[in-house]
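Here is the structure we will look at, set down as structure tokens.
So that you can tell them apart, the chains are marked A, B, C, D and E in the order they are listed, and the count of residues begins at 1 in each.
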Amino acid sequence: MDWLFFGEISLAGLAMGGLYALIGLGFVIIYKATRVINFAIGEIMMFAAYLFLAFAGGMEMSPWVALPLAVLGGSLLGGVIEKIMIRPMLGESSISVVMVTIGIASILVGVVEMIWGADPQLLPSFLPRKPVFIGEMYLAPKIAYGFLIGAALLIVYLLYFRFSRGGVALRATASDQAAAYSMGINVRRVFNLAWVFGSLAASLAGVLVAATGGLSPQFGAIGLSVLVVVIVGGLDSIVGALIAGVFIGWLETVAGAYLGGEYRMPATFAVLAVILVFRPYGLFGTHEIERV
Amino acid sequence: MRIGDAKQSYEADEAILTSSTQKIWFALFLFALLLFPFMADAYLLYLGCLVGIAVISTTGLNILTGFTGLISLGQAGFMGVGGYTVAWLSANTGLPFPVTLLLAGLLAAAVGILVGLPSLRVKGLYLAIATLAASVFLHFIFAEWESVTGGMGGLSLEPAHLFGLTFQSDFGMYFIIVPLAVLMVLAAKNVFRTRIGRAFIAIRDRDISAEILGINLLHYKLMSFALSSFYAGVAGGLFAYFFRVVTPESFPLSMSIFYLAAVIVGGMGNLLGGILGAAFMTLIPEALKLLTAALTPFYPNAPIFMSPMLEIIFGALIVGFLIFEPHGLAEIWHRIRRFFSLWPFKN
Amino acid sequence: MFKSILSKGRRLAGIGSIAAALVAAAPAVAQDKDPIVFGGSIPLSGVFAFAGVHLHAGLTDYTTWINSQGGINGHPVKYVMEDTGYEVDRSVAAFKKITGSNTVPVYYGDSTGFMKTIASELNSRGTTLMSGASFATALTDNEQYPNQFVPGPNYTQMFGIILEYIATQGKDGEKPTVAFVYSDTEFGKDPIENGKAKAAEMGIEVVEEIVTKPGSVDVSAEVLKMRRARPDFVVFHGYVLSPINEFMVQMRQMGLDTQFMGTFWSSDKLIINKMGEDADGYMGVMPYNYYDSAEGGPMLDALRATAEKSDPDAGYRPTGYMQGWFNAMVWTEVIKRTMDAGKELTAENMAESLASIKDWDTGGIIGIPVTAHDMSFPVGRIWRVNAKEGRYEPVSDWIHLD
Amino acid sequence: MEALLEIDNIEVVYNKAVQVLRGLSLRVPRGAIVALLGSNGAGKSTTLKSVSGLLALEDGEVTAGEIRFKGESLKGRAPEKLVRDGLFHVMEGRRVFEDLTVEENLVAATYALSGRKTSLDDAYELVYDYFPRLRERRKQLAGYLSGGEQQMLALGRALIAQPELIMLDEPSLGLAPQLVEEIFTIIARINREQGTAILLVEQNAAVSLAIASYGYIMENGKIVIDGPADKLSSNEDVQEFYLGVGGKEGEARSYRDIKHYKRRKRWLS
Amino acid sequence: MSSILEISNLSLSFGGVKALQDVSFRVPENTVTTVIGPNGAGKTSLFNCISGFYKPQQGTIRYQGEVLAGVKPPVRAAMGLARTFQNIALFRGMTVLDNIKLGAHVHMKSGLLGSLAYFGAARREEMAVRSHVEQHIIDFLEIDHIRRQPVASLSYGLQKRVELARALAMRPKVLMLDEPVAGMNREEKEDMARFILDIREEWGVTVLMVEHDMGMVMDISDHIAVLNFGQVITEGLPEEVQKNPQVIEAYLGTSDMDSLRKKLNPEQEVA
């Protein structure tokens, strides 16, 4: 066995997995705070990536201005979606809310096609192009730097949730909504912020992923991989999203490299199936006890 | 309608059509269905067949999701099982179509049971994702098991045949699809007149108290999966006979979402709703095309905006119905009916 | 954003004129014979729209032109189409609708899936000959698809042309090595088996074979495989853009001097427009001249003049336009031959006429006379991107497979 | 004494169908402890939720009557605003944030102070003064605290908010008698030292009436007895209520006696 | 009187919380037996153990002499253990009639094919159930006027009655009622009390109930068990239980108010 090759493949997979972890984090933030499974997360990523394209490509801004603007735009979109489409569904069954997010995904695809057309697009390249070597192992520069940017946001988020007062409010709401209300926390605002923060993470990941692989209105399909990540990690577990994200990214890449591209999805879904059978609520998720 | 003492009367009370007005309307409806292919042009006939297939599949999904409360994103996969079964059987055996359709349904039901197995342990969205996983695997099998499925290129089939008759045209297929759709909807209606249907609904409404009433959850959940996939399998089989080719791309994930949307837009847990939803969602793109055609002279770019518009309308319908009309078209239909009071004898 | 909206706006303006032409559809020269209908399921929207709008423009402009020439044997031509969004069921619906209200001898199909789906109906009707955007190998199978043809080489033949070219590029008498990269779709997998066989036959070693999803996907792991396989040539098939760019950029970053090549739909100018400098040196196989090719010819000039007239702002016309135009040319030729033979316009008769095409001069659309072969035209040429000039330039002669 | 909270003849309906409160009225004077007693299902928790605005979360609605806090009607005011205005509801079952540490639980409660200028450090100190055990466990996850400690934390969060009125829902629930006494001692102390009014919902009549100045007993969604705490605790009234002993003769016939008056007739006909 | 249900040494805990500790009591056959106790005493947990939702860590439940451990909830239902819930557990999407028919589920046999065709045995069985439900249950509980209405549209009191009807359709031997009159007004309570007594007397069904309305409990119960902190503190006849000092303590906290007051609020006395 060629260990160097395996190492390089793994490294590439882990770097991709870092971005999955970031998206997974965005997903989990929304789920934890609002109990909404957001099937539109891939489309939110896509929307942000198109914004980046518009800012950096169309309006010829510096990518380093366009990036924060696009990410901001994506998070704003999350906030708006929460306000006008998710909030009216408060108290409805979770299946209904999921379907709403599927509807939103479809709307976003349509809107993107309407504004930017259905053509495949490439993002202006803005990451350094010099190959990165870790020891003898080669790592494509785009994913290496993409991983670093993603990891930076990830760390900021983790610190924020752990140590800030806002993070406490978010976790408190996630833990017990009614009790959060009774503390004087504006729960509706927390919901909204959760969508904003979650979409922000997804948006950044969206731009970074699109920068390495290109962009089209079908980009949102990446949401399926993310779904695997969060189910394997546990819907309400941040740690789970991080570990599962990295793992699924790695697995996808290794399966693709050794078995062929058509095995990427089945390989991760096989893991998903095993998890569902043996640990239905994910590796780190909490199993809610039902009361009679 | 009052209930008397005689046993006869309970039976009449439990009938699907209880008033003569209803019976007349239903007869008229059947007659219209029969007449339709003689009046319609090729295009309408084609749409009629598509709606028929969609009605069968939506009814199946409604049994599972609307009535039993188990969300499935695997409907397209189950249809695929049916489609490939029919395609394979027609290529490798000389079986007539009723047999191949039945086998398609049964095989799909078997796969459905397999997929439904986790349903005792996982609920709600986790289950939905398990069905999603199943549809990914099924797609993989369709694409890769080349010796049976023909790989990405898929399989082509001979037309459906029975007793020397060959159902090659849409006209012929209409007389397979539509009667079958009517029968299968009626059968579904029957199920919900009996203990099994009640058990499904009980599981949906409150599975724990269903258990207290002596309903074996796993047994009935699997039965619901089987029944639903059977419908999907038959619909998939008809799909195969209708288009006469099946490829892995014939049954994409978006198709599962389409059927789920049809159930929601029509009205979950309401058979009539499923039918309305199937017809509505199938015809929406066509209606939009008419609109586009009407707009084109004034607004030449209309065709370019149509496909994105379709996506947007599809999404907006789902969101809009869930927010503003959660009981779907069926509820609108009932409101209209009440408004016109066509049925004075029925509450 | 302004730039993209601008370019979009320009494209839309183009469509506008097309649609106007569609509505107008009045023949330029007064003719009293029955019109001949060109039907089409056209992907004006959806994933294939980037090509669909140009196919549509090509078909429309050809219709305008042929009518200005007096139509086909005095019959005016009418082009009737519907948008399909590149979805099979909508394509089928469009077909039924259009053929339901017109007599349609020739029809444009937008995808392999549609072409296969409709085949049985087409065969049982026997009234319509079909070609379209698909170059699928299967469609040139006379047994199964007697009423469908490919307006150029099929994908297998394209691979053949590419491999013929590669075979000539060896150094020191050694055959170059090649890697195939294709998408996990029916389109992508179409020529691979045959391509491998052909390569083996020609003694070209296929050192790597990579399958990916089409479109946006991370390919860094696949690039790592390339780094080890070190192919002299990589042939892409089944993609429009991504991930071709990613392979090229990353492999060059690694210092590989691989040559990158692609089949018809991967040889559009889109690659140059989106990739810019990075596209330099990319090669594609194209059966037709590019719009801005240095070559000429009466038909090519007519095409350019018509295009110029129908949309003066559009400038360059992509490969889809050429494909649409050529399609309609073949239809015309086939109908003409059938009529001239005094036969009815049935699919069978038209297919026979098609088969009879030999050393046909396309007036510069294709640089050499072409001969139909199993419902296809196995001809093509290798072109190479000159990024500075922003165009494809020929690097081989026209290659006609037998 | 000035009334801090006045509940005036309210009716509450859940899910638009189930009526739980039927014309309930009570008042809490500034600085007082008022006990609201009653058996399970009488509607005590609902009463508190209709005051704090948490009713809406359970699809409940005040359909009639009015609630006033500091003289102003509470209708249509968001729950978090009420908390910031000095009305703190400690819910039944303590409802501590289990995945947060003790300290973070207290931080969460500081949201009640939004818009007010106060020293947070003093607030934390105050809580730790009342509950030294929480200080020892400040870095521990609340989910790992014992029942009594969780109740202390729940009270601590209320203290942070520096409210004028604390509504306590069943603080004795599930606690051993000794702990109950400890908790109630502290409640009395908070009331005395901080001047905070307390509306105490309890099943445990004795401890409640021991620290309260006034008591209400409710049944079936309305008040059936009320009076000063010492008067109420003269056992007979309360015993009758809780244990069904005796009862005022003539008012109600035994359930056993009325059983057949309808059915028998039908049966025979 | 023989016991139809015998609970012995039952213990149940969730995590560290002990819901039931060594609980033993018996339900004599053909009686109305009531379990009372303050909130959180473990009454509903006890019901859940009997119907099979919770698996007690220790102890046994004997039903008609047979140990129930390992018997699944649906099977217990088929054996004649029926129950209602504290928070009404009707199926809100169905009509009253369908809800009640569901109770008869365990006594029906028709399979899927019969159902699809609605023919032969399946149809006959449905008709038999319909007439049994109509003649014995709907008539008895006086709910014929609402049989076609969806459950969700009914008042609370009527919903409770429908839930009772559904439990009766199970043809139970032991009927467990979890707070059957909670939230009802006096008139509704009187109706319910009458039904409970008739069910015992005329149907010969043993009733096991949890209820807080002491007036009704004392009036109609034949046997009472008192639970506090997961333990049975006494069981016996209503009048015995009422006078038991431990029961008084459980409900009222103490009987010596003055010393308690001093203890809890020492400084107030000084002030």
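Convention: a residue touches a chain if its C-beta (ideal position, glycine included) is under 8 Å from a C-beta of that chain, and two chains touch if they have at least 3 such contacts.
Since we're looking at a predicted model, the values are computed, not measured.
Visitor: Counting one step per pair of touching chains, how far is chain D from chain B at the shortest?
Guide: So the least number of steps between the two chains is 2.
Visitor: Which chain's mean C-alpha position is the greatest distance from chain B's?
Guide: D
Visitor: When the C-alpha atoms of chain C and chain E are each averaged to a single point, how far apart are the two points in Å?
Guide: Each chain reduced to its C-alpha mean, chain C and chain E end up 75 Å apart.
Visitor: Nearest whole angstrom, what separates the Cα centre of chain A from the Cα centre of chain B?
Guide: So the centre of chain A lies 33 Å away from the centre of chain B.
Visitor: Using mean CA coordinates as chain centres, what's the gap between chain B and chain C in Å?
Guide: 38
Visitor: If you average the CA atoms of chain A and of chain D, how many Å lie between those two points?
Guide: Averaging C-alpha atoms per chain gives centres 43 Å apart.
Visitor: Note the residues in chain D that touch 2 or more other chains, in rising order.
Guide: Correct list: empty.
Visitor: Can you pull out the residues of chain E that are in contact with at least two other chains?
Guide: 53, 85, 89
Visitor: For chain B, which residues are shared contacts with two or more other chains?
Guide: 143, 208, 307-308, 310
Visitor: Given the complex with chain C, which residues does chain A contribute to the contact?
Guide: 2, 5, 8-9, 12-13, 15-16, 53-55, 57-60, 113, 115-122, 125, 129-131, 138-143, 209-210, 212-219, 222, 253-254, 256-257, 260-262, 264
Visitor: Can you tell me which positions in chain E touch chain B when the two form their complex?
Guide: Touching chain B: residues 51, 53, 72-75, 77-78, 82-83, 85, 89-94, 98, 101-106, 108, 110-112, 114-118, 122-123, 125-127, 130-131, 134, 148, 166, 170 of chain E.
Visitor: Within the complex, which stretch of chain B touches chain E?
Guide: It is residues 3, 7, 10-11, 13-14, 187-188, 190-191, 193-199, 201-202, 204-206, 208-217, 223, 227, 269, 347 of chain B that touch chain E.
Visitor: If we count contacts the way the header does, which residues on chain D are in touch with chain A in the complex?
Guide: Those residues of chain D that touch chain A are 52-54, 57, 59, 78-80, 83-84, 88-91, 95-100, 104-105, 107-114, 157, 161.
Visitor: Hey, which residues of chain A end up touching chain B in the complex?
Guide: Chain A reaches chain B through residues 37, 85, 88-89, 92, 94-96, 98-100, 102-114, 118, 224, 227, 231, 262, 265-266, 269-270, 272-273, 276-277, 280-281, 290, 292.
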